[in-house]
Amino acid sequence: MTPLNTALFVLIAPLASAALIMLFLGRRGAAASAVSVVTAALVACGALSLAFGGGRFTAAWEWLRFGSFAISIGFKFDDLAALMLSVVGVIGLCVHVYSLGYMSDDAGKARYFGGLSIFMFSMIGIVLADNLFMMFIFWDLVGFSSYFLINHWRERKSASDAAKKAFIVNRVGDFGFLLGIILCYRANGTVNLSALGADHAVYSRLIPLLLFCGAVGKSAQLPLQVWLPDAMEGPTPVSALIHAATMVAAGIYMLCRINVLMVPEAQSIITWVGTLTALYAALCAVTQRDIKKVLAYSTLSQLGYMVAAFGMGSVGAAMFHLTTHAFFKALLFLGAGSVILGCHHEQDIFRMGGLRTRMPVTFWTFTVAVAAIVGLPGLAGFFSKDAILVLALESNRAVFAVLAFTAILTAFYMLRLWKIVFLGAPHGESAQHAHDGGISLTAPLVLLAALSAVGGYWRAYPRAFEGVFSQIPEAQGATHAIVLAASIIVLVIGAGTALAFYATDGRDALEGKSRSVFGFLVALRTSFDTAYDYYVAEIQQRAAMVFNFIDVVGLAGVVVRGLAGATEFVGFGARALHTGRLNNYVYWFLGGVAVLWAFAAGVL
Amino acid sequence: MKPSLDAYVLLSAALFAIGFLGVLVRRNTLVIYMCLELMLVAATLALVAFSRFNGTEDGDVFVFFILTVAAAEVAVGLAIIVALFRARQTVEVDRLDSMKH
Amino acid sequence: MAAGNPWSAIWPEISLGCLALLLLVLETVLPRAAHGRIPLVSIAGQLGILVALAFNFDAPQRAAFNGLLMLSPHGQLMRAFFLISSILVSVLARHSLSWQRVPRVEFHHVVLVVAAAMMLLVESRNFVMLFVALETVTVGLYILVSYYRSNPKTLEAGLKYLVMGALSSALLLFGIVLLYGVSGSPGLAGRTGEAMQYAGLAGFLEANPNNFLAAAGIVLVLSGVAFKIGAFPFQIWIPDVYQGAPTPVTALLAVASKAAGFGVLLILVTEVFAPYAWLVGPVLTIMAAATILFGNLAALKQNNVKRLIGLSGVSHAGFILLAVVSAAREPMAIGAVYFYLYAYLIASFAVFGVMTVLAGPDDTEQELGDYAGLARESPFLAGVLACGLGSLAGIPPFAGFVAKLFVFVAAFKAGHFGLIAVAVAGVVISIYYYFGWIRMAYFDDEAAVSPKTAERARAGAGLTLGVALAALTLGSVVLGFYQGPLWSWVFGR
Amino acid sequence: MSAPAFDPLLISVAAPLAVALAIALGLPKRWAVKLAYAGFAVPALMALGVWWQFGSAAKETHGYAFLSRYSTGLDQFGIGLKLGLNGISLPLFVLAGLVGFAAGLYAIQSKAERMKTYLLLLLAMHAGLMGTFASVDVFFFYFFHEMALIPTFIMVGIWGGRDRTYAAMMMTIYLTLGATLSLVGLIAIYAKSGASSFDLMVLRDTLASRPLGEVTQEHIFGLLLFGFGILVSLWPFHSWAPLGYGAAPSSAAMLHAGVLKKFGLYGLLQIALPLLPLGAAHWSHTLAVVAAVGNVLAIGLVTMAQRDLKQMVGYSSVMHMGYAFLGIAAGSVLGAGGVVMLMVAHGLSVALLFLLSTSIYHRTRTFDMEKMGGLAQHAPVLAGLFVAATFASAGLPGFANFWGELPIFVALWNFSHVLTVTALTGTVISAIYGLRAAARVFFGPQSTAFAQVAAANPPSDIGWGEKLPALVLIATLLFVGIWPKSFSAAINRALTNTPAAMVASR
Amino acid sequence: MDQIAFISLSVLALASALGVVLSKNAVNGAMCLLLCLAGIAGLFVQLHAYFLAFILVWVYAGAVVALFLFIVMLLDMQGGRPWRFRAAQAFAGFMAAALLLVGLDLLAVRGRLGAGPNVGQAAVGSSLKLYAYQLFTTYLLPVQVMGFLLLIAMLGVIVISRRIGGAEDSR
C-alpha cells in the first residue's frame, strides 16, 4: 500500500467500523466491540507504519465548490501529523483494549464502541487535515463524539448535562475558531496549511487569536475550561482517550499547525492564558475528592503548560509535552478506571485507601505515571516539563515563576491522590474487596507505563519525528542548571509537603486544618460554574423569556391579533350599516349621486 | 315671450328632486312609489322640452316607452305591495326590516 | 340566416321568447299531470339554443335594426353567458321550486324573457333600446325576487329591490335625458339629433369634452349602471335583497344581472364616454377601490350565507371594475373582464347550487352554522362547495385564479398601482370568510351537524342539478389548468 | 420544443395528482392506500432518476435539462406548462420528491381519521410541490405553489392539534398575503420587462439585454422580498410559522416546513436575484440586518424559551431561514450556493424533526418538554434519530446543513463583518436549544409525568412505519453531508452560468 | 300668454308634487299626484306634444293613479299612522333636497343650455301619425320587447297577488 492509501485506510476504517456497528450491530455488543477493537488495532498499525515508514506527502480532492470558493478534503502528512497520528493510534488501541474489559457488562456496549470508532475517525481527520475548513469539520465531529460518549449513561441527568455542556462550550470556542478561519480565508485567499504563508494581512493579529479560541474551547483553557471536569461523567476509558490524551490536545495540535500565522502579540496572550490555566487548574485539583476530577484538573493544568509552551514560540516543546502527557495521563486515567472498577464504581478518594496491596498492577503502573507527571527525573514528564521551563526561563521570568509554582502544586496534589488512594487502610466496603482486573485491563496499563517511563528520551526515537523534536529547546549551561535545580526543588517541596500533610485516615487534611484555605480553593474552583450558571439562568434565559414574550404577546398577540381584531371591528361596522330600512338605503344613493355630481362639477 | 328651455329643465329637475325627497322622507310604501312615478314623469317633461327646443325627434318617442314601462312597473310594484300588506299587515318601510346586518 | 333580415340577427333572443311562449302554451294545453315536465322542456330548449349558438359562434360585427343593436363577438360571448346562466337558474329553480307552493311554469317563462332581454341589453347601441331592455330585465327581476310570495321576507326583498331599482332607473333615465338634451343643443359644436344612438352621442362628446351638463348626465347614467353591478355606494341593497330572494334568483341577480351591468358599462366606457375619461376614470377608480374594500369588510363577519355571498359578489364587482378601469389604457383588460365574468359564473353557480340543495322551504335563513359537518354528510356537496369557494377566492388550480391574474396583469399594464394594493388587501380579507365557510363544511369540531342539514345533504342534489354541479366543478378546475378555448373565444377575435 | 416521449418531470407531477383524482372519485380505502404508496413513490423515484442523470444530461438549454413544454392555450401571454430543471431547481426537486415520499409513508402509517381525504390532500400537495420546482414558467411556478398551499391549510384545520382552527386561519391569511404580494411582484416583472412572457428563460434573456430601471427594480424587488419573505417567515412576519407548525399534523408540517416554505427562497434566488440585481443590491442591507438580528438572534432566543417541542422546532425553522436570507443578502455565487444547500438540508432535517416530534408525542402524549425525560431508555432508536436530526439542524459537519451554513458565513463576511458575527452566534444558540431539547426529552431520569404515562402505555421504540421515512431523510442528509458535490456541482454550474449572475465573491 | 300659462302650470305641478310628499295620507297623495300629472300634461300641450299629453293623462291619470287609489282603498290605510316629520330625518331629508336643488341649479347655470331657440317645426309627439311612423319603423324592436315586458308584468301580477293556497299551487 502506498502511504496515501494507508492514510486513507486509517481515516476510513473507523468510519466503516462505526457505520457497521450503528447499522447492523446495534444489539450485538460483543461483535461490535470486536469490530471496533480490530479496527483500532489496524489503525494503530497503519498509523505507526505511516509514521515510521518515512513517507511524507500531501494530497487533496475537491469537496465542494461555489464560484472561486472551494473546500477540499486533503491530507498533509508531515512529521507533526505523524507524531500526533502515532499518539492517537497507540493510545486509541490501548483504550479500545482496555474498554473490552471495562465495559464488558455494559448494556450499551455496541453504542459505546460505535462511539469510539466515530471518535477515532474524527480525530484522525483532524490530524490529517490539510486545510482549516477540513480541520474544522473534524473538529466539530470530535465534539460530537465527545458528546456522544460523555452521554453514554443516558439515564443519568449529570451525564446528559455534562455532555450538553461540553458540546455547547466547545461551540462557543468554535464560534471564534470559525470566524478566525473565515478571516483567514478572506485575508489570505486560502486556508490550506501548506499554502498559508507568513505574509500578514489586514487582520493578522485577530486571526491567530480567533483561531486560538478554538483551542481554548477544545483544550479547555480559561475561561472555557468548565466543561472538562464535568465531562468525567463519561466512562473512564473515554476520559482517558478523549478528555486526557487526544481530543483535548487537539487544540495544541491545531495551534502548532497554524504556527506560521502567529504574531508576537497573539503569542503573549496565548502564553498567559496557558499559564493561568495551568495555575488555576492546579489550585482546583487540590481540593478535589473525586479521583477522576483530580485527574481532569491535572489535565487542564498540563494543557495549560502546553499552551504556554506554544505561546512562547516552541512547537517542539508543546508537542513533546503533549506526547508524554498523552502517555502518562492516559495511564493515570486507565489506572483510575481500574481503581473505580475495582471499588465498584466508587470515585471518592476518601473512601478508598490501601489499594496498594489489593491492586498491585494498578498501583505500580499508577506510581510510574505519578512519577512521570510530577517530573521525577528520568521519566517522561521530567524531560518535557523541563523543556517548557527552560523556554519560560529564557523568555519570561514571570511565566517561569508561575509554572514552577504550578509544578509544586502538581506534585502536591498528585502525591495527595496517590497516598490517599493507595496507602493506608481501606475506608470503605468496596475498597476492601478491590482487586486488579483481567488481562485486557492490565495490559494497556503496563504498555502505557513503559511508554511513560521511556517516552521522554526523544533522541531514542527513530528520526520519524525529527521535524518536531528538533524544535525542542535545550538548555545550555547555567540555564540548564537552574532549571534542573528548580524542578528538583519543586518536586521535593510539592511531594514532601503532600506526603507529610495528608494522612490516610479517610478525611481531607486540608479541610480539617485550614477551612479558610480550603474554602477559598473550593470557591475558586466553583467560581466559573457559578458565574456561568448565573449567566445562563439569569441573563440568557431571562433574555429568552423576554424575547419570547415580545414575540408571542407583542408580535403575534398585539400586532397580529390586533390588526385582525381591528379589521374585524371595521367588518362589524360595515355590516351594521345594513340597517334593513329602505330610507337609509336611499340616503346611500343620494350620497353617491351627490359625490358623483361633485366630481362632474369639478368640486372634488 | 315664451318660456325658455332653462325654465322647463329647471322645473323638471325640481320635480325630480321633489320626487327624490319623497322617497327619502316618506315611510308609506305607496307614497314612496308615487314619488318614484313622479321622478319618471319629471324626466319625461325635460325630454319633451329638449325634443321641442332642439328640434330632435327621438325624445318624444322615448316618452312613450317611459310611460309604458312606468305603467308596467306600477302594476308589478302594487302587486308586491298588496301581497306584502297581506303578509305583514303594514306597508310602513321602517317596519319592514326583518332582514338587516 | 340572411344578413338582410334584421330579425335573423337576433335569432337567439327570438328563440328564447318563442320558447317562453311555448311554455305558457304547453301549460294550457298539457294535462296537469304533465306540468312537472315543462321545466325540462325549458332546459332542453335552452340547451338546444346554446348548442346552436356554439355552432354559429363566429358572427361578424354588424349593426342591426337601424343601429339599435350591434352584433359583435363580445355580444356573442355575453349571449352565451346569459344563456348558460339562465339554464343554470332553471336547473336550480327546478330544485328550489319543489319546496314551494307557487306556480312553476311562469317562473321559467320569466327567466327566459329576462335572459333574452339581457342579451338585447348588452347588444343595444341606443339609449331607448337600452332603457326598454333594462326595464324588461328589471321588471322581470322584480317578479322573480318576490316570487316566493308566501314568505314575507321574500316580499320584503322584492319591495326593497323594487324601490331601489326604480330609483336607479329614474337616475339613469334622467342622465339619458340630460345627455340627449345637451347633445341636441344647437349652440354647441358637434350638435346631433341622433343622441339616442351611442355613436351619435360619442361624436358629440368628442366635440365637447368638458361640458358640465354632459358630465352630469354621464355620472347619472353611471350611477344607474352602478346599481346593477352593485358598485359602492349603490351596493347597499344587495345583502337584503339577496337574502330574501329565492336562491336561484339570487344567483341570477348575482351573476347574470351583474354581468349585464358590466356588459353595458364596458361598452359605455370604451365606446361612448371615452372623451370623458377625465371624469369616468377617477370615478370608477374610486368606486372600484371602495367596492372591493366595502364588500370584503362587510362580508368579514357575516353569518348568513346569502348575505355573505352577496357581499363577496360586491367585492368581485370591484375586481371587475378594476379591469374595466384598466380597459381604457390596456386592451387586454376587456378580455380580462369577460374571463373574470365566466370564472365568476362557474364558481358562483356551484356555490349557489349547494346553497339551493341545503336551503329547503325557508330560503331566506341559511347560516354558516348550517354547513357544519357537511363534508361528513355529503362529500360531493362539500367538494363542490369547496371548489366553488376556492375559485371565488382566486386560488389555483381553479379558474378564479387565472381570472384574478388577468385582472392584475391588466391593471398593472394600465398602471393602477394603488388599486392593485387595495385589491391585494381585498384578496387577503376575502380569504378569511371564504375559508371560514370551507372550514365550517370540513372542520367538524365547530358545531354539531344540524338534523335539517343532514337530511337535505343526504337527500342530495338530484340528477339534473348533480350533473350541473359536477360539470361546474370540473369546468372550474379545467379552466384553471387549461384556459385555451375560453381565452381564444374571449381574445381570439 | 415539444414534449419528450418519457417526461419524468411531468410524470412526477401527474402521478400524485392522478392518484388524488382517483381517490376523489371514490376509490375504496384499501385500494386508495395502496395506490397512495405509488403516488408518493413515483415522484421520489423520478427525482432520484433525474438527480442521477442530471450531470450527464447534455442537452441543456440555458442551463436547463429535461425540458418540455405543454400548451395551455395562453401562448399569446407567454404562459405555458414548461417543465425543466437547472442546477438550482434540481436539488429542490429532489428534496420535494424525497420529503414527499417520507411524509407520505408517515401519513399512511399514521392511521389518521378520514384517511382517504388526508391522503388526497397530501397527494395534491405533493403534486403541487413537484410542479413548483419543475416549472420554468413563472406562472406555473406560482400556480403549483398555491395548489400545494391550500391543502396545508385544510390539513391543519382538520387534523391539526391544539388551536388548530385559529392556527389554520392565521396561516391561511398570512400566507395568502405573502403569496398575493409575490404574485403582484411577478406580474410586475412580467408587465414591466416587455417580454410578454412568463417563461423564465425568455424573461432572463430579455432582461439581460434590457434591464429594468433602478427604481423599478427596487420597487419590484421590495414586493417580491416581502411577499416571499412572509412565505419564508422573515422576521417580523413569522408569527404564523410556530403556531401553524405547532398545530399542523406531522405530514403536512413536514411537507410545508420542509419543502413548500422553500418556495420563497427559491423564488428570490431563481427569479428575483438574477432578474433584478439592482433591486437586490438596494434591499440587501435591510434584508441582512432583519435576518441577522430578527430571525437569527431574536428568534434564536425565543426558540430557547420554548417548552413545547413542536413549537420549538417551528421556531428553529424560522431561525434557520434567517441564514438563508443572509445568504441571499450576501448576493454572491457563494452565498447563493450556500442557500440552495441549506434549503435542501433544512428541508430534510426539519421534516425529520417534525416526524420524530410526532413520534415522541405518541409515546409521551404531550409536546411539553417539561413533562418528558428519559425516553431514550424506552426508545433508543428514536433517541438516536432525534439526536442526529438535532445535530444536523445545528449544523454539525457530516450532515448536509453544514454545507449550507458554512458558505453563507464565508460569503457574509465580505458583506458585513458585524452581521457575520451575529449570524455565527446562531450556531451556538441552535446548539443550546437543540441539545437542551434532546436532553429534556430523552436523557436523564424519567419525569414523574412521563413515568405515569409510561406506566399506563409502555412506550415502544419506533417501528418500521416511522423508521423508514426517518431513515430516508437521514440517509439523504448524510449522503449530501458526506458528498456535497452531488448537488453543489450542479448548483455551481447554474449560478456561475447565469447571465445576470452577480459577481462572485464581492 | 305663454309665459303666464307656463308659470301657472309650473306652480300647479310643483305645489301638487310637494303635496304628494307632504300629504298626511295616501289618498291625498294620490290626488296631488293626479293634479301634478295634469299640470305636466298642460306643459306637454304647451310644448306641442299633444299626443303625449293625451297618453299621459290617459295612462297615468286614468290608469296608474286610479290603480293607486284602488290599492289605497283596498288596503284601507286611512287609519294608518299619519306621516310626521321627525326632526333628524326631516333635517337630513331637506338637506338632501337642498343639495339636489343646488346641483340642479348648477346644471342650469353652468350647463349653457339657454341659447336654444324654440324651433318651430312640428314635434313628433304632436301628431299621432308621425309618432306611429317612428314607433313602427325605427323603434320596432323596442315595441316588440315592450310587448314581452307587459306580458311578464301581467304574469307577475297574477302570480304575486293571487291568494296563497289556491288549488293551482299544489303539484
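Just so it is clear, A, B, C, D and E label the chains in written order, and each chain counts residues from 1 on its own.
As a convention for this text, contacts are C-beta pairs under 8 Å (C-beta built on N, C-alpha and C of every residue); 3 or more make two chains touch, one makes a residue touch a chain.
Being a predicted model, the structure only gives us computed values, none of them experimental.
Asks: Without counting chain E, go through the other chains and collect them into connected pieces.
Replies: Apart from chain E, the chains cluster as one piece.
Asks: Suppose you hop from chain A to any chain it touches, then on again the same way; how many hops at least until you reach chain D?
Replies: Steps on the shortest route: 1.
Asks: From chain A, what is the lowest number of touch steps before chain E is reached?
Replies: Minimal hop count between chain A and chain E: 1.
Asks: Find the most central chain, measuring centrality by the gap between its CA centroid and the centroid of all protein CA atoms shown.
Replies: Central by C-alpha mean position: chain D.
Asks: I want to compare two interfaces, B-E and C-E. Which one has more contacting C-beta pairs?
Replies: If we tally the contacting C-beta pairs, B-E comes out ahead.
Asks: Nearest whole angstrom, what separates the Cα centre of chain D from the Cα centre of chain E?
Replies: About 69 Å separates the centre of chain D from that of chain E.
Asks: Provide the C-alpha centroid distance between chain C and chain D, rounded to the nearest whole angstrom.
Replies: Here the centre of chain D sits 42 Å away from the centre of chain C.
Asks: Indicate the whole-number Å distance between the mean C-alpha point of chain A and the mean C-alpha point of chain C.
Replies: Averaging C-alpha atoms per chain gives centres 76 Å apart.
Asks: So how far apart, in whole Å, are chain B and chain C when each is placed at the average of its C-alpha atoms?
Replies: A distance of 26 Å separates the two centres.
Asks: Considering chain D alone, which of its residues make contact with at least two other chains?
Replies: Expected reply: 173.
Asks: Which chain B residues reach two or more other chains?
Replies: Only 9, 16, 19-20, 23-25, 27, 32-33, 42, 49, 51, 54-55, 57, 61, 65, 69, 72-73, 76, 80-81, 83, 93, 96, 98-100 qualify.
Asks: Taking each residue of chain C in turn, which ones touch at least two of the other chains?
Replies: Residues 128, 132, 135, 139, 142-143, 146, 149-150, 158-160, 163, 167, 178, 181, 185-186, 212, 216, 239-240.
Asks: Every pair of chains that touch: which are they?
Replies: Contact pairs between chains: A-B, A-C, A-D, A-E, B-C, B-E, C-D, C-E.
Asks: Can you check the complex and tell me which residues of chain E touch chain B?
Replies: The contact residues of chain E facing chain B are 2-3, 6-7, 10, 13-14, 17-18, 20-21, 23, 26, 29-30, 33, 36-37, 40, 43-44, 46-49, 52, 55-56, 59-60, 63-64, 67-68, 71-72, 74-75, 77, 80-81, 83, 85, 89-90, 92-94, 96-97, 100-101, 104-105, 107-108, 111, 113-114, 116-119, 121, 123-125, 131, 134-135, 138-139, 142, 146, 149-150, 153-154, 156-157, 160-161.
Asks: Which stretch or stretches of chain D touch chain C in the complex?
Replies: Answer in residue numbers: 24, 71-74, 76-77, 117, 139, 142-144, 146-147, 150, 153-154, 157-158, 164-165, 168-169, 172-173, 176-177, 180-181, 183-184, 187-188, 190-191.
Asks: Which positions of chain C touch chain E when the two form their complex?
Replies: Residues 6, 10, 17, 20, 36, 65-66, 68-69, 98, 101-103, 106, 109-110, 113-114, 116-117, 120, 128-129, 132-133, 135-136, 139-140, 142-143, 146-147, 149-150, 158, 178, 181-182, 185-188, 211-213, 216 of chain C touch chain E in their complex.
Asks: Name, in rising order, each residue of chain B that touches chain C in their complex.
Replies: 9, 12, 16, 19-20, 23, 29, 32-33, 36, 39-40, 42-43, 46-47, 49-51, 54-59, 61-62, 65-66, 69, 72-73, 76-77, 80-81, 83-84, 87-88, 93, 96, 98-100
Asks: Going by the contact rule set out above, which residues of chain E touch chain C in the complex?
Replies: 103, 106-107, 110-113, 115-117, 137-142, 145-146, 148-149, 151-153, 155-156, 158-160, 164-165, 168-171
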